[in-house]
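Following this message is one structure expressed as C-alpha cells.
Lettered A, B, C, D and E in written order, each chain numbered from 1.
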Amino acid sequence: MPHLVIAKLLTKSAARKPSTRLYPAEKRAPPKGARGRLVMKQIETCVFCGVCGKKCPTRAIAVKRTDKTWELDRLKCIVCGECVEICPKDCLAMEGEHATAFVAKKIETHVQKPKPAASDPT
Amino acid sequence: MGQRTIIPFGPQHPVLPEPIHLDLVMEDEKVVEAIPSIGFIHRGLEKMAEKKDFQEMAYIAERICGICSFIHSMGYCQAIEALLKLEIPKRAEYLRVIWSEMSRIHSHLLWLGLTADAFGFESLFMHSWRVREKLLDLIEETSGGRVIFGVCKVGGVRRDVDAETLRRALEALAALEAEYREIAGVFSRDASVKRRMTGIGVLPKEDARALGAVGPTLRGSGVAWDARRLQYAVYGELDWAPITEEAGDCQARCLVRIREIFQSFDLIRQAAGKISDGPVAVKVPGNPRGEYFARLEQPRGEVVYYVKGNGTKNLQRFRVRTPTFANLPPLLKILQGCELSDVPVIVLTIDPCISCAER
Amino acid sequence: MKTALLGVVLWLIAAPLVGGLLAGADRILSARLQGRVGPPLLQPFYDALKLWDKRGGVVNRFQNFYMVAFFAFVLASGAIFFAGGDLLLVIFALTLAGVMLALGAWSTHSPYSHVGAEREILQMMAYEPMLLLAAVGMYLAGRSFHVNALASSGIPLVLQLPGVFLGFLLILTIKLRKSPFDLSASHHAHQELVRGITTEYSGRSLALFEIAHWYENVLLLGFVWLFFAFNPALGVAAALAVYFLEVVVDNAYARLTWKVTVRAAWIAAAILGATNLAVVKLLLR
Amino acid sequence: METPLKAQHLVIFLLLFPLGPALLLAAVRGAGFRRLLVGAGAAATAAASVALAAVLPSGETLWIAFASPFADQAVIVGEIVVTLFLLAACRRIRRREAWIPVVIAAQGLLLGWAEFGRDLPPVATPLYVDPFSALMAAIIGIVGGLIALYSPGYMADHHRRHPEEKDRRRGFFFLIFLFLSAMFGVVFANHLLWLYFFWEITTLCSFLMIGYTGTEEATRNAFRALGMNALGGLAFALAIVLAGTSSSAPTLEFARVAAPGAALLPAALLAFAGLTKSAQLPFSSWLLGAMVAPTPVSALLHSSTMVKAGVFVVVKLAPALHGTRTGFLLALVGGTTFLAAALLAVTQSHAKRVLAWSTVSNLGLIVACAGVGTPETLWAAAMLILFHAVAKALLFLGVGAIEHRVGSRDIEDMGGLIATRPRLAIAMIVGILGMFLAPFGMLISKWACLKALADHNLLLAVLLAFGSGPTLFFWTKWLGKLISVPSGARASDDVVGDERLALSVLVLLTAGACGLFPLAAAWFVDPWILGLFGAPLALLTRSNLLIMAAMLGMLVILPAISFLQPREPRRVPPYLAGANAGGDAFTGALGATHAVSLRNYYLADFFEENAIVRTATGLALLLTVGMLALA
Amino acid sequence: MAFFKKSPWLLHYDASSCNGCDIEVLACLTPIYDVERFGIVNTGNPKHADILLITGAVNVQNEEIVRNLYGQMPDPKVVVAAGACAMSGGVFQDSYNVLGGIDKVIPVDVYVPGCAVRPEAIIDGVVQSLAILERKAAELKRRGGSGEPEKPS
C-alpha cells in the first residue's frame, strides 16, 4: 500500500507562500453584494413607517415614529437583508464589511434631526 | 468481575463539532455498547413555524443547519411553492441547483477534513479546509453569504448571478477541482488512511435498508438511491446517476463522498451550460393551504419537509425528517463492538449533523 | 567527574531552551506543511509562561505530586545521560518517569485521563523492548553501556546498528508523541481522548508537563546523537534531521490504533533490533 | 575442616526446632495459646536464621558433619513414611490421574534401590552452609516467620467467613512449621538423599495445603500439584541414582567439583526437578491451581519460599551447567517462561492469579540466570531471590488483608484503596514498587542480568527486553487502580493486629532491601560469588550506586516537597465532557446519573490466554526435552 | 506578564447553534485564517482553556453544561459569545426551548455579531478579549497570589 501519498502536497505547501490571509494586518475587500452588516444609510429620508421592523425575522429593529428614532439591536440581527429590501425609502444598506465585536451591549440609535420647519400650511 | 468503563462522550467533546452525548460502555477499548442522549441542539424550530409568517420562515428553515443551509431553505420553499401551485422561473431553478451542488461540495469537503481530523491526520484536515475556503469564496461572491447563503425565498431566489460572475466562478471551479483531486488521492490511496477506514464500521446492504439509512451511508452499502432522482428542480434535465460503493465500511462511505464531489463539479458545469435567461422570482400569491411532502437530497442524504397550511400566513404544521435522524439507528448498530479510537471515525462517516436531527 | 558535572549543568539549563525552540520550530514547520503561517518561534515559551500564571485546579491532592515526580525523573534520566552514565539506568529512570506520569493520570479517576493512562503504559509496553535492545546493541557495538565511553569510542555505531537505528526511529515517534503513534496525549485537540493523560492538569503542573516534554525530546535526540557520536557535529546534524523527519511523518500519517502500535514496535524490535544484534554479535566479535 | 561451633549449632537448630512448635500446634486447640505459640516459634526461627547469617564467617562454606548415626536411618524411615502417605492419599484419585501413584511408587523403588541395592560410600558432611544458603535461610526464617505470624488472624477470619468448611487449623499450623523445617533442610542439605527427603516433605506440605479447604476444586488442584511435583521427584530420584556411584558419595558437590559437562545428566535431571518445583513452563499450571489455598499458604509456599527451593537448587547446579548446551536450553526455558508468564499476568484481574503468574515469570528469570551461570547472572539470581521473596510475601499478605476488608480479590475492586484504606494501600504500593520499578529491587537485578546477558546469551537478552514491557504494564495498571481516587472516598477499616505487624515489618523489609541492597550484596552475594569463581565481581560501581541512591532519595523527598506546598490548590471536578452532575458523577444517556466507572485494560483479545499458554507450553516442553536429551 | 495575550487557548462549545457559526470557528483554525498565528490553540478541554468561545443560543438542556465548562476553566478566563444566537438567541429567540443569549447563564465579555459570524469577526472578537484577559490576570495578581478558590458556579 502506498505510504506518504500526501508528501507531494506537503512539500508543495512548504515551498509556497502560506495561503493564510493575514487578517487583521491585511484586510480583504468583501465581494460585491456580500452581507456583512446592516447600516442605517440615511436617517434623513426615513419615514418611520416601521416595515423594516415588522419584516425583520428577529425583531432587531425598533422604530418609534413619535420620537423619530430608528433603533437597531445588533445582538439580534441575523444580517438577512430583508429590511434593506423592504425599505421603501432606501434608507438602509447592507455593507460588505462585517460588524466588529464589542464589549458592552448597546442599542444603536439613530435619531432624525427635526427638519427645518418647512412651514407649508396644508 | 469488577466494573466496566463508561466514557461520557460529549456533549462537549473536541471531536464532536456539535453536542451530543454517548455513554460508551467499554471493555478495554472495545465499545460494547453505545447509548446516545440527544437534545442539546433542539431549538423547537418546527413549533416556531406556527408563530412565524411563512415567508419569514424561510430564514429560519435555512438555519435548521448552517451546513446544508441552502438546501434547507430550498426544500422549505419547494414545499410551500407546491402548496401555492407556484411555478417558479427556470433560471431560478437552475441557480438553485448550482447553489445546491456548491453546498454539497462545501459540505463534503468539510466532512473530509473533519474525518481526517478524527483519525488524527491534521495536515489532511488543514488541506481539505484550505481548498474548501476557495469554494466558500465562490459562494460568497454569488450569494452574499459564506455559509448561510440567504438567497432562497418562496417564489424563486433573491438575487441573480450575472453571466460574468458565473463565467469566473466556472473558471475558479476548474482550478479548485484540480487541487481537490490531490486531496481525494490521499483519501483514497494512503495506506494509513486505509488502515483506519477499510473494514471499520461495516454496514451490510440489508441492514442499511432495514435500518433506514439514507444518503452516502446508504449508497456506501451498495444501494443506488439518491433523492435527486425524483427530478425536483432541474435535476431531470441533467445527466447523472447515483454513486455507490459496495463495501459498506467507512472507506466506502468516504469514497462515495469523494466521487460525489467530482459529480457535483460536473453538475454545476452542466447547469451553467444550460441555464437560460429570465427573471429569478415570481410574486407570491396568497397564503398556503393543504399538505405537502417535499423530498430532496442533502449532502447527508434524503430530507423530507412536511408542511401543512390552513390558508393563513402561519403554517399549521411543519415537520422535517432529516438525514442524520434517519442515519442514527444504523450508526448505533455499527458502533457496537468497535474500538474506542474508531468511534470518532465511524460516527463521522455517517456525517452526523445533530443540528438538523434535533432542529 | 568535571565533564560529567558540566554535562549535567548544561542539560539542566540548555535542554529546555533547545527543546522549547525545537517545539516552536516543529509548530512552524507543521504549519508550513499545512499551508499556514503558524505561531511565532517562541510560542512554546509563551505557552509555558502563561500556564505558569494560571490558577490551576486539581481533582485531588495527589495528582500534582506525580507530575512533579515525572518532571524530576525526566531531569534525572537526562542528567545521567549527559553526565555520561549508564544507558540502562537512563532508560530505567525514563521508565520511572513515564510510570509517574501515567499514575498521575490514574489518580484523578477521570475517564479520559484513565484511558490516557492505559494508553500511555500500552505505549511504554510497546517501546520498552526496542529501547532496551538499542542499549544492548550499543553495548555490543561500542563495548560499553556508558554514554561517555560510547561517545568517545569513535565507533560509528549507526553503521554497525542500522537496524537498531531504524527501530529506534520508530519508537522515537511514539516517545515524541507524534502521529501515527500519538495515542495517549496528542497535541492536536481533535482526539477521541480530549487531552488524554493531561486532561485533568492545568496551570503550573501543565506547564511542567510541557517543559518536561521538551527535556525528554532533547534527551531522545541525545540518543540519536549517540548513534553518530563518532563525529559530534554530524551527530547534531543527524539529530536535527531526525527531529524534522519526525515532524514530516507526523504530518503525513493518520493516527493508528494501539494494537497496530504495539505490533509495529514489537515487530520492529524483533526483526530490526534483534537481527541487527545477532549480526553484530556474530560478525563483529 | 574446622567448624565454628556456633554456626553448626544454629543450622541444626533451624532444622529441628520448628518441629517443636509444629507438634505442639498439632495438639492445641485454644486460639490464644496458638497465637502465642506461633509467635514464639516464628520469632525464635527468625532470630536463629538472622544469627546464623551474622556468625557465618564471611565468604566461607562450612561443611557440617552430622555425628548421629541415626540420622541417615531417620531420613530413610522418613522417606518411606512420606511415600506411603502419599500413596495412601492417592486412594481418592480419579482414573485420569492414575499415573500419579505409579510415578510416586517408581520414585520409592528407585530410591530403595539407590539406598539398599547399591554400595554408596557414606557422606561425611551431609549438611553445609555457604553465604548464599545463609541468605536463603534468613529469607525463610524472617519471611516465613512473618507469614506464620500473620496466619492465625487470617485463618480465624477465614473460618468465620466460610463456616461450611471443616476447621483443620491444627493440621494447618503443624504443616506450616513442618514446612519451615523442611525448607531449612533443603537449603542446608549436602547429602542428596537428605535433600530429596526434605524436598518431598515440601511437596507433601504443598499437596495438603492446596487441598486444605476440601472443595472439589481444591482437591483437583492438589493432585495436579502432586502429579507434577512427583514427576520432578522421579527425576530427582534418577539423579541420585546417577550421581552416586561406588566411588563418589551422592552429594550436591558433584555439581561444583566435577569438570563442567561431566556430571551433566544428573545435573539436568535435578534441574528438571527444580523446574517442576518452581512451576516453570510447561509445569506452571499447578501453581495457578494452588491459588485456591488460603492466602498465607500462597505467600509462604507458592511464592516466597517453596517455589524458591526449585530455583535454589538450579542455581546451585549452575557450575555444572555453565557453558553447556543443556544449560543454554535450561536458560531458554526460563526465558520463555519469563516472557509468557508476564504476558499472561497482563490478562488477569484476579489479584492472586496476577501474583501467581508474576511469580512464575520472576522464577523464570532466575532460572534463566542460573542456566547462563556466569558470575554476573548468578549475582542477579541471588538478588532476585531476595527481592522477590520479600516483596511477593508482602503482596500476598496484602491481598489477603484486602480480601478480608473489601471482600474481593479482584483488582478492579481495589480502586481508591489509597483513600479508603491507606495503610493497606501503602503496603501494596511498596510491594509493587519493589517488584518492578527503578531504583528498587527487582530492577537492579534486571539491570545486572541485562548486562550479563548481552555478553553471554543474546537470545535471552532479547527475551528479557520483551518481557519487561508487559511486566511494566501489569504492575503499573495495578498501581494505578490503587491510587485512583473516586471523589468522596472515605477512609474506613484498615489493617489490624497481627496482620498489621506482619505487613509493617514486610514493608520495612522491602523498603530496606531496596534501600540497603548493596549491603546484602556485600555480605552474602559477593562473597558467595567470590567463593564460587575465585574472582570478585564489581557490579555495583560507586557512581551507579550514587545514581540509584539519588533516585531513591528523590522518591522519598518529592512527596515531601509537594505536600509542603503553601496553599491548597483549587478543587475542580473531573472533566466529564461537560456532563458533570456533582462529584464525579455525570448525566449519562437517557438522563440517568452515573458515577464514573473505570476498568483497567486486560488485553484479553490481544494476548490470548489459551494461545499463549499453548504455544509457550509446547515450546518449553520441547526445550525441556531437549535439555534432558542433550545431557 | 504579558503572556496571556500571546498564548490564548480556547475552548469552543456549541450551546445549540445551527452549525453555521461553528464551522466558521473551525475555519479560523484552518490555513486561510490560521489563528495559531496568535498562539491560539483549540484545546477542547476547559481545564486548559483561557477563552470560552460559545456559539449558538443556550437551550434548556445546555444551561448546566455551559456552567460546568465555565466553572472548570482556571482563572483568569474570558467568555466570547459568537454569533447572533450566542448574543441574544438570534433567530431562535422566540423558541420555547431557548433561554436566549449566553449571558443569561454566564457572564460574557465580548460579543461578536454575525449570522453566521465571519472568521474575521471571530478574530476581532478574540483579539478584543485578550485585553480583558490581561486585565483580569493583573487583577488576580493584585488580589494576591492566594488565588482564592472561585466557586464553580
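In this text, a contact is a pair of C-beta atoms (placed from the backbone, for glycine too) under 8 Å apart; a residue touches a chain by one contact, two chains touch by 3 or more.
Predicted model only: the values in this text are computed from it and were never measured.
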**Fill in**
Contact steps required, at the very least, to link subunit B with subunit D come to 1
**Complete:** Between subunit A and subunit B, the fewest touch steps amount to 1
**Fill in**
Co-neighbours of subunit D and subunit E resolve to B, C
**Request:** Taking all protein C-alpha atoms shown, work out their mean, then name the chain whose own C-alpha mean is nearest to it.
**Result:** C
**Request:** Mind naming the chain pair that shares the most C-beta pairs in contact?
**Result:** C-D
**Complete:** Here the gap between subunit C and subunit D, centre to centre from mean Cα coordinates and rounded to Å, is 36
**Prompt:** If you average the CA atoms of subunit A and of subunit E, how far apart do the two points sit, in angstrom?
**Reply:** 23
**Complete:** Expressed in whole Å, how far the mean CA point of subunit B lies from that of subunit E is 27
**Asked** What is the distance in Å between the mean C-alpha positions of subunit A and subunit D?
**Response** 80
**Message:** Quick check on subunit E: which residues sit in contact with 2+ other chains?
**Reply:** 13, 30-32, 34, 37, 42-47, 65, 69, 72, 74, 91, 115, 118, 147, 149
**Message:** Which positions in subunit A are in touch with at least two other chains?
**Reply:** 3-4, 6, 10, 13, 18-20, 22, 57, 78-80
**Complete:** subunit B residues touching 2+ other chains are 5-6, 8, 11-14, 19, 29, 52, 59-60, 63, 123-127, 130, 133, 145, 148, 190, 192
**Chains that touch, pairwise** = A-B, A-C, A-E, B-C, B-D, B-E, C-D, C-E, D-E
**Complete:** subunit A partner, complex, touching residues on subunit B are 52, 56, 59-60, 63, 123-124, 127, 130, 133, 137, 140-141, 144-145, 148, 150, 158-159, 182-183, 185-186, 189-192, 194
**Fill in**
Within the complex, subunit B is touched by subunit D residues 349, 410-413, 415, 576-579, 586-591, 594, 596-599, 601-605
**Complete:** As the complex stands, subunit B meets subunit E at residues 11-14, 17-19, 39-45, 47-48, 51-52, 59-60, 63-67, 69, 110, 113, 125-127, 129-130, 133, 136, 145-148, 353, 355
**Request:** Would you pull the subunit C residues touching subunit B in the complex into a rising list?
**Result:** 30, 33-36, 111-112, 114-115, 179-180, 182-183, 186, 188-192, 194, 251-260
**Contact footprint of subunit C on subunit D as seen in their complex** = 415-416, 418, 437-439, 443, 447, 450-451, 454, 458, 461-462, 464-466, 468-470, 472-473, 476-477, 479-481, 483-487, 543-544, 547-548, 550-551, 554-555, 558-559, 561-563, 565, 568-577, 584, 596, 598, 600-601, 606
